[in-house]
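In what follows, a single structure is set out as structure tokens and then discussed.
In this document, chain identifiers A, B, C and D correspond to the written order of the chains, with residue numbering beginning at 1 in each.
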Amino acid sequence: ACGSNAADKKEDKAGNSEDGLKIAIVTSPSGVDDGNFNEDNYNGILKFIENNPTATVKSVKEPTGDPAAAVQAVADIVADYDVIVTPGFQFAGVSSIAVENPDKIFIMNDTEPAPVDGQTEFDNIYAMNFAEQESGFFAGMAAALETKTNKVAVVNGIAYPSNVNYQFGFESGVNYANKVYGKSVELVELSGYAGTDVTGADVGGNYAGSFADEATGKVIGNALIKQGVDILFVAAGGTGNGVFTAAKEAKNDVKVIGVDVDQYDDGSNGSENIVLTSAVKFMAMNIEKSLNSVADGSFKGGNVVLYADTESTGFIKEEGRHQLSEDTLNKLNEAYELVKDGTIVPASNFNGNTPEEFPGL
Amino acid sequence: MSKDKKKTSLSYRLFWPIRNEKWQPITIPVVSILVSFIVAAIVILLLGKNPIQAFYNLFQGAGIFPKATYAGYKSLLTDFLSLLDAMTPLVFASLAVAVALRAGLFNIGVSGQMLFSGFLATIIVGYSGLDAIIAKPLVLLIGMVAGGLMGGLVGWLKYKFNIHEVVTTIMLNYIAQYVISFFIHMYYIDPVSRQSKYITEAARLTLVNVEFANLKMDIPLGFILAIVVAIFIKFLLDKTVVGLEIKAVGSNRDAAKYTGIKVGSNMVLAMIISGGLAGLAGVTYYLGDFASIQPKVLTSIGFDSIAVALLGNSHPIGIIFSSFLVSIIDQGSTYMSSQAGIRQEIASVIIGLILLFSACGAYVKHKVSRLKEKEVDRKDSES
Amino acid sequence: MSDYIVEMKQITKRFPGIVANDDVSIGIKKGEIFALLGENGAGKSTLMSILSGMYEPDEGEIYIRGEKVQISSPNHAANLNIGMVHQHFKLVEDYSITENIILGVEPISKFAGLFPYVGIRNANRKVEELSKNFGLEVDPTKKIADLTVSMQQRVEILKVLYREAEILIFDEPTAVLTPQEIEFLLGIIEGLRNSGKTIILITHKLEEIKKVADRCAVLNKGKLIDVLDVKTTSVNLMAQLMVGREVNFESEKAPAEFKEEVLKVEQLTVKNEDGFEVVKDVSFTIHSGEIFAIAGVADNGQVEIADAIAGLTKASGGKIFLNGQDITNDSIRNRTESGISYIPEDRQRFGLFLDFDLSTNIGSKQYYKKPFSNKGILNKQEFDQFGSQMIDKYDIRSGQGIKTQVRSMSGGNQQKAIIAREIELQSPLMIFVQPTRGVDIGAIENIHKMMIEQRDQGKAILLVSLELDEIMNVADTIGVIYNGQLQKVASSESLTTNEVGEYMMGAKHE
Amino acid sequence: MDTIIIDGLSFALPLFIMAIGGIYSEKSGVTNLALEGFQGFGAFIGAMSAVLIANASGAAIEDMFYVALLFAMIGGMGFSMIHAVLSIKFKANQVISGVVINILALALTTFLTTQINALVFGAASDKFRLGVSERFTIDGLANIPVIGAVFTDVYPFEVIIIVIAIFAWYVLYKTKFGLRLRASGENPQSVDAAGVNVYKIRFSAVLISGMLSGLAGMCFAYSISAQFSSGIYMGYGFLAIAALIFGNWRILPTLAACLLFGFAKSGGMFIAQAMALPSSFTDLFMILPYVLTLLLLIFFSKSNRAPRALGEIYDKGKR
């Protein structure tokens, strides 16, 4: 959540500079100031502009969140930019615009481009996905190692692959801690909120069914806390705010683990903070990287999944931004290396592993 | 002294169109639109941006003025057609509000009626694989019937049980939202988009990506219908027995009853027509502009249409113009925000301002008629 | 200083398309009853609205007790001890009598010495006292909605007295009252004068003026014609000044020729909303060529009989035949079609669409038929043409002709529009409920003439009226109602006014 | 089971106070569809003031609870001025004015939130983050079976609302202002004839509705997410209107309607959880309050009646 002023300055410059890279970011209704997913992507662009001062960025908000409208919004502006960044699954359909505009470059995050006439990879689309299960895994471990009640839970928005990945990763992490460190931590699920993934399979978990329903988030949070859960992994966008509030109001040492970006600031509760740590994907860094490749001409289209081996997934361990114990932190760091070198492969939505059975367990 | 006179006569002439009662239904909205653009311009100036450019961008984005560059397969024409596409449901929805209003009823359930009819048409026709020639008319029919039924229910509950239509429509909005969300989740979900599965092209009321002269256009079939229906509604209200009865019920229920008009059935009828129009809005929205339904989301069109209807003086032709204007601002706002670097919310603020100022139309009229009286007085005393 | 308590000098008030008061100057002496007389729309109500602060005059000056004032609001008027009893009562139906009276001048008590609240109980007592002092007994806790019209009027008068008004304006106070109530009210008014108050009385009834007023101003089309000393002026002269021609008080009519039976009511019973029988077992017949009048004190079921025949209320028992056909359960529309015209009692509520223009209102009983419409399509021209004809034929006066919004027309002209519409239906049965309420004498004469004309053309007419004079004047047959039952049905020649009065009061039965 | 009561109350009471605001406005004769906008704008001003004051004074945001409530009331009142001026002074159509205000509130507050955050904190965040509200439990009373839940985990604002509601009841039904206000909605001419300024009465009534709605909005903001964002516009303003119509424009029956909504809502959630059905079914239970309302209205609506002059533009000249 920094540097929007800088952004304004950049926008001001837009009028004069003719030669710089023209970048647009088109986002979901929550916009680039959501302090979360979108903002992290945006920050990547701003970082790039810092080093390439002739480049400019404009942010555009698509107000409905409907995939068709999302594509339309991109189509409306595509002519005026060189690079379009679209964070969010609802922009998958932008591939058709990419085909029609081969001279433009598209950077997608959190989705693969929708097939166009059977084609799934495009020269001018760089689609990145992250191995959320890895970040989730660390969250699960942290939760299992820090819980006092031995009950933990994960709350999600909608069972999109990214969310299911987080969930399965989290469950993998809990099971790992149980097995390796002799814990007996229980995963709590409210049966009314089981999720259904994109193939229609029941994946369990606690899904609010929306990323923007704070009230339901709070209800779920309260219900879980009532069942004795003291650490909640919250991967639910705006719905997550409700869970945070429930945890804050509970006052009996309930902690949450943030998601996607460092959510420590969201956790402040008077003199305390409820955020244990955050399971993150380093999106800004990767956005910046791909913009660099555009700038230096090395850009290559393709659909990639980014893992810990490129430092793209992980958790927050900076001093003062987490509340993990020394011991837990060490154990997480050990596990991180194992994940990085492929010894541990936590379950994801579609990698064939399950939270109960995955390499490294 | 003579200078003074000149001044009055100049301002007199300048304001003549507002003074002339015949033109007031047109001049007053136009003036309020101008005023609101001026106020919006001041806001934009305060933000340190150039209002003229911003407005120009707005109209560019909406497909009224040409953009500097166009991406592949796009042109002014394609943008303009998208504008009409987006405007179509708004016209229907505003007509729905207007018809109910004429009968003295306040339909704030347009969104729910849209959702219900859109949903029914989607599951009955949208997934059926019927040929376009059958599917498209069928979609319209189902939309009208479904919306009409839901509207009729509101009217009937009012007539039979004296349940205020505002409550009924609010409750039905929620009920439709949740129940349809349930059915979508249970049976029609597209697991990827988390919306209802996309409908077949054949059932769609917008012909998408029609290639023509190296352009890809979305052709809103519903738009023509919207214009025809607006004219028909005008005719219905102004020139027919049914229209007179509806207006009579709206004007004075007791007198209508005494005149021999069946008040109850006219209320139900007005709500059926209103609901039917909302249904058309629903199908042109969910099966036209879009091709699937987001669960648990009510479109804001249903509420915007109340204001649009009133901006159009509850008059069908006025509604075409007011929806056109509001759609321009709506559609152009993305482009404006990307070009001028002005937040999109400014567009909503402009819409709000326009409506705000036109809401004062009655006051302007009142003031003007006062002025006129005084003018007459002065002339009288002079002569 | 003049001896006038109120002086209005050169008052002019304009409304769009009309000058309601044109350079009117009048002076009113303390302690007199000053009457205002004039045709409908002559500007009486407007002039008094100006005096009571409802309107501001465009030109002219007002002096109260010799001091020049600009009366800017009713409140200001009240401070000058001016109070107006409006023709259309300004009462909150849901409130009790006391609440209505104290509205605006509420006495405040304190709860626990801290929380102020409206001291209803004290006020009740004060209102009761006041009402006794002036002979206007009311139960202060009763709701307005449960009161008869005359009771509501008492409340209006009490309202003014509660504010200690010295100058009281009555706008057509008698239009809605029964003869007995009128008698009573005039007594009250005289009593008020005798206790030193100044009274301004607007009325269309010359005999009332003759009876109580000291002086009388005559207005015509906004202009002051003359101020007369009532004692020395004949009723005929007053009427002549007001209408601008000679007026016949006794309607001339040829002897009735009854032909076939048109309406037959058999053992009709009607219940009101609370399930109470307001019409009990009423039977009568009306023939072609007959004016049948129902006489009675207000609220004795006469309006319900008319409503039941027209279909506005359901009959809970009995049968209604029109031209031999049973119409008891027909819809309103069907009854209109089978041949019923109906002039309702409450013209603004039932008779008119105030926001529609005059021509639409005049055509509103025939719009669904040729030539007003064809296959569901309206013919606007026909409406306008018909409207214009009616304006001429019935002398309906308004600012903008057929395009006038009916709301802006004076009460009397609104009534004329309804009468025109209903008579032109040419129905075999015409029901007139209080057709001349609030209508000036010239117009009354016309209405009576028209009724008789219709009768002579073979229509059957049911007249419901509270005015005994009117009934004695035009009716061929009189049915007297009391407490929902017909006490007596007889030809008008065989009854005297006194007899009818006695039946009306329930003092005499068959 | 307790959750039903606890959550039900914390939802019903803000709804109730907003509905009371609606009653004031509508009883005075001004149709008020703008409640939704008032509550959102009020919450915006409340949250913004809390954040700014905390920032300026260095106080903790957690301690700004009452400041937020106070400013929310002021903010709601200020914003309601638009409705008052438009529909009373400018004689605008009250329905259009209400709808416009809702549109404007959403647009303005989302816009201003980011703008102010960017200006003051250098970060264009789309929300104002507040501290969570303390909740308290009255120990003795909380142990009573069933009823005890009423005294468990109570938000301070619930108490404030009840106090204000009682006061509002007293003002509306016992004072001269209330007497005049209700008369203005029934027959403004009579009020005018009594020498009372109808415009002033209606003006104050609309401002009161803005004030109470602002309070309600702030309470929602605290009880749901302890922050202000555009998520505050959830249609509760319309629900409050439904409640007051259901309650026949009277305060006590409206309370009953709000409690019905609150308990049916939390009850629906509870049943959905307790029955352990797949998540899609949750939606079905969510319709409970609305279906119940309709069913109840079928039985209780016969004698309902809106204030006679509701929605009528009062014009002195018109009789």
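Note that in this section contacts are C-beta pairs under 8 Å (C-beta built on N, C-alpha and C of every residue); 3 or more make two chains touch, one makes a residue touch a chain.
This one's a predicted model, so the numbers in the text were calculated from it and none came from an experiment.
Looking at B-D and B-C, the interface holding more C-beta pairs in contact is that of B-D. The chain with its Cα centroid farthest from the Cα centroid of subunit B is C. Mean C-alpha position of subunit B lies 28 Å from that of subunit D. If you average the Cα atoms of subunit B and of subunit C, the two centres end up 46 Å apart.
Our note on geometry: subunit A versus subunit C, Cα centroid distance of 77 Å, whole angstroms.
The centroid of the Cα atoms in subunit A and the matching centroid in subunit B are 38 Å apart. Among the residues of subunit D, those in touch with two or more other chains are 114, 279-281. The residues of subunit A that reach two or more other chains are 8, 196, 209, listed in rising order.
A complete list of chain pairs in contact reads A-B, A-D, B-C, B-D, C-D. Listing the residues of subunit A that touch subunit D in their complex gives 1-5, 7-8, 30-35, 190-196, 202, 207, 209, 212, 214-215, 217-219, 222-223, 226, 238, 241-242, 244-245, 248-249, 266, 269-271. If you check the complex, the residues on subunit A that touch subunit B are 8, 11-12, 14, 24, 58, 60-69, 72-73, 75-80, 89-90, 92, 97, 100-101, 104, 158, 160, 196-200, 209-210. Residues 61, 67-74, 79, 82, 185, 189, 191-195, 216, 289-292, 294, 296, 334-335, 337-339, 341, 344 of subunit B are the ones touching subunit A in the complex. For subunit C in complex with subunit D, the touching residues are 54-55, 73-76, 78, 84, 86, 88, 90-95, 99-100, 103-106, 108, 115-118, 159, 407. On subunit D, the positions that touch subunit C within their shared complex are 170, 174-176, 179-180, 182-183, 186-187, 189-196, 308, 316-319.
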